[in-house]
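Have a look at the structure that comes next, please.
Chains here go by letter, A, B, C and D, matching the order in which they are written, and residues are numbered from 1 within each.
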């Protein structure tokens, strides 16, 4: 069995704070790439994770887009899953109980096609135990209605934020889309609207063509680009947003290794999410956590917070 | 010597028309990646190219950004050259004469920090023989002033287009930045302002961090991401723009092979530009041209124009 | 039934037929006994291009005291398989598995029919082997319909010949066995079989499975089909490998080939 | 002097010292005779990760009737060189070269001084060899100052011992030769040399070259330094490998290490 390096005794602190949410380490799973947790339980001790962000939840179950839904690209992949999910009710009844068995923060990623849908999903999830925060997806580029239109407009994004905040006492993380001219402006609007944190980036919209048939590789034509290919764009946007807002920023995009994750922390992200890397290496999350520990030990730093935002520009 | 496949007798037509500009094939070099042509003359018979787009020219010589200027990324690279160039005068006197020795279309990529600079550069280049078109860079993301601000605003981009058109009789290609929310809207504005064609995409803004020093890998901090990593985004944007405008669209972004180039043609690009691929394979342009010929022969198509825009969405 | 990732060492990787390779991979003994129909996600250790792992069925499996060995029978169709084919002895591959569900074995069925197209023989061979070993069946009762475009694309024959009595080979161009589609060959024989006592297992290209679905439509034959879709995670997390299924209540849903499949009741598969 | 791309076959690739490798590559005979100081861009045929080619100096060169052979002496410092180090005999590499300008040989200078830091010895060795072969100089007149952090990082000694009479070795930790920086060792000896009759050639880590620049500042010594910068094209097209140079008129410009260099007059180099 690989990547099962011997556990080293460490007294370095990896715990970070996202608003009122305390995490044992800054490594979360990215929504849609880790299912509802149990899909990776054979590979990963879920108790070791900073947080599990579950697949995006909508008010009603969603069938999602027709197949084919994914395609490989250079250093990444395209997906057009179309937010297929079991709906918030079934999540609460079927999936949440399993997650409650673990000592790990559970973050529900929510999605709506109208302001009211966002409110309702937020309300439902806030009425149950076992959920530690909400991540609001205003940016899924795969669904023509909703997602994109909200996330690319500062006003709409702010309004979604207000609606969700009005329904919950849980920390609210707004997840931003990179398919915009000025992501920092949107982050600022979201902060003003009361968000407790922002996470970025969601996928960059892309496409690819099957030469044999001259048809798109994805039935949905366009899909979301993720993986190491987008890391430089994600890191740039996180850095821009960190300079603009004072709420915690969660870095996402192409993180494969602890080194990648540390780049995000150094430019100012308080935590990171691991997405596509889970597909390439099911133990990516644990490897990143272990790599962070080793980095701190080698550099004689005893608290991860000491390196956050230490970028020398 | 490699990639020197035996030349096969072909009677397939590769010639395409970009407005009034006739090209012997749809394969151009991307500005800034092929120098002024002579840098690649040892590897490539320049007569075989569809067109040579030279390094971006400004009114006065530019020192460019301090080093380090480039960094490798997953499936691509970051650059922050900062438009170092010899200036339009020296180009006309020192570089253009050399290019005139070849039977190839020469396209001058121009850049300004003010509307007047754009006008002046356009005027100077239009007064000399040997230049077949102007490509207006409104999108270089590396220079804080100019570039980005023009290209991310439809009005400013349109104004630059009008200024340049007013000074020249050469076909004017406006090169768009991908760092925007709605690239099709900008393309539409540019078309309305009289552009003869649009080319896209320029680089996506990104960055990367040196963990040892916690400093940026690029002195300029941010740089432009290019290479196969960005191809899906480029292809998506080209497809969106093709649907929106009726002027010719030139596809750019991550093209490494003939297959990549054909994807752009199929979604509707009339021609393509090869950029970063030249660094990986100095003969990339010729390999793409040859690959296109082979594709046409294998598929019994005798004119490249027959596959342009044949995307079945 | 735990899945995990292992570093496998290539024992051999031979081109047994033009474009068809048989890869023997040595794995740690912790690797679970695979069930017929299960697959692995394979990638080259340390290589990030190709980016995604490739799903390949487990063609055969054996366990010794110290380690176990899986065989993968694969066809070179693109970038990833071409690179796999280039791997030499003792190269390392990352193996994630065993993944997915398996074919169901119904002891009550006296007659087993396999219908395979080209490389579709891979998962069916492991099943045939197991049925034979379990000797819940005698050789006589296993019929194998094997089809491909041409003789060169018929693989794995040697192995199934040991296991099956009645083997029907079809090629579209008639270069081997009967000329025509394997599904047509089966359709010609269909009256020979009684739906009640028969279980059909199939794997092959979409058009073939689809055709078979049409043939069986409305009949009482029970048929388990192993499907293929592009995969990212292989473990049920990404929802990338969806196939459209009509459930018993008649509702359309998207199932995951990797986790809910790869084996589905052919009647439930919805073709666009 | 035409550059071109070639498929090279690895004849050998040995770890001659911890983390230091010597790679022998067989190339087509069309490969031009390299001048001392020139380099190649090397990548693994068909591999796209690492994405950019790596610039490596030509350490030695020989030509037979049928082919020619280049030797590359390199240190594993990161991803690309680690992968290069993993290549086995008869693997294929893509070689683009010979690239860049070369050291200038000034016959009028009677005394030659080499100052190398670690792997910086690579391009200087080829030059020493050539000077020796041209016998425009006798062994006595070549002094070689070779420095590194520690004994393990001193490479290529065997070869230069054949070529140079006076070899000064320095290590920061004193594990071999004098303790201290090679630049200090040279500074101690500087009075022994007459600026008018001496040519200094140097290559090594930035801090070393910079230090040497300071030492020589204001003196009449002529010194040619080979510099390193990250490269994309290696052929002068991308402007990526810029170094800041003060030209004779005192204006600051950015020169390309790959095309205008890699060798520059140390007096012209502007350090931030």
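We adopt the following convention: contacts are C-beta pairs under 8 Å (C-beta built on N, C-alpha and C of every residue); 3 or more make two chains touch, one makes a residue touch a chain.
Keep in mind that this is a model prediction, so the values were computed, not measured.
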Per the touch definition, the chains contacting both chain A and chain C are none
Between B-D and C-D, more C-beta pairs in contact link B-D
In terms of CA centroids, furthest away from chain C sits chain D
Distance in whole angstrom between the CA centres of chain B and chain D is 35
Separation of the C-alpha centres, chain A versus chain D, in whole Å, is 47
Whole-angstrom distance, CA centroid of chain C to CA centroid of chain D, is 56
Residues in chain A with touches to at least two other chains are numbered 73-76, 227-228
Touching at least 2 other chains, the residues of chain C are 48-49
Among line, ring, star, complete and other, the chain contact graph is ring
The chain pairs that touch are A-B, A-C, B-D, C-D
In their shared complex, chain A is touched by residues of chain C numbered 2-7, 28, 30, 43, 48-53, 94, 96, 229-244, 252-254, 259, 272
As the complex stands, chain B meets chain D at residues 1-3, 32-35, 39-40, 42-43, 55, 63-77, 79, 81, 84, 227-228, 256, 276, 278-283
Seen from chain D, its contact residues with chain C in the complex are 47-49
In the complex, chain A touches chain B at residues 73-76, 78, 152, 179-182, 204-209, 211, 213-216, 221-222, 225, 227-233, 235-236, 239, 254, 259, 262-263, 266-267, 295, 307, 310-313
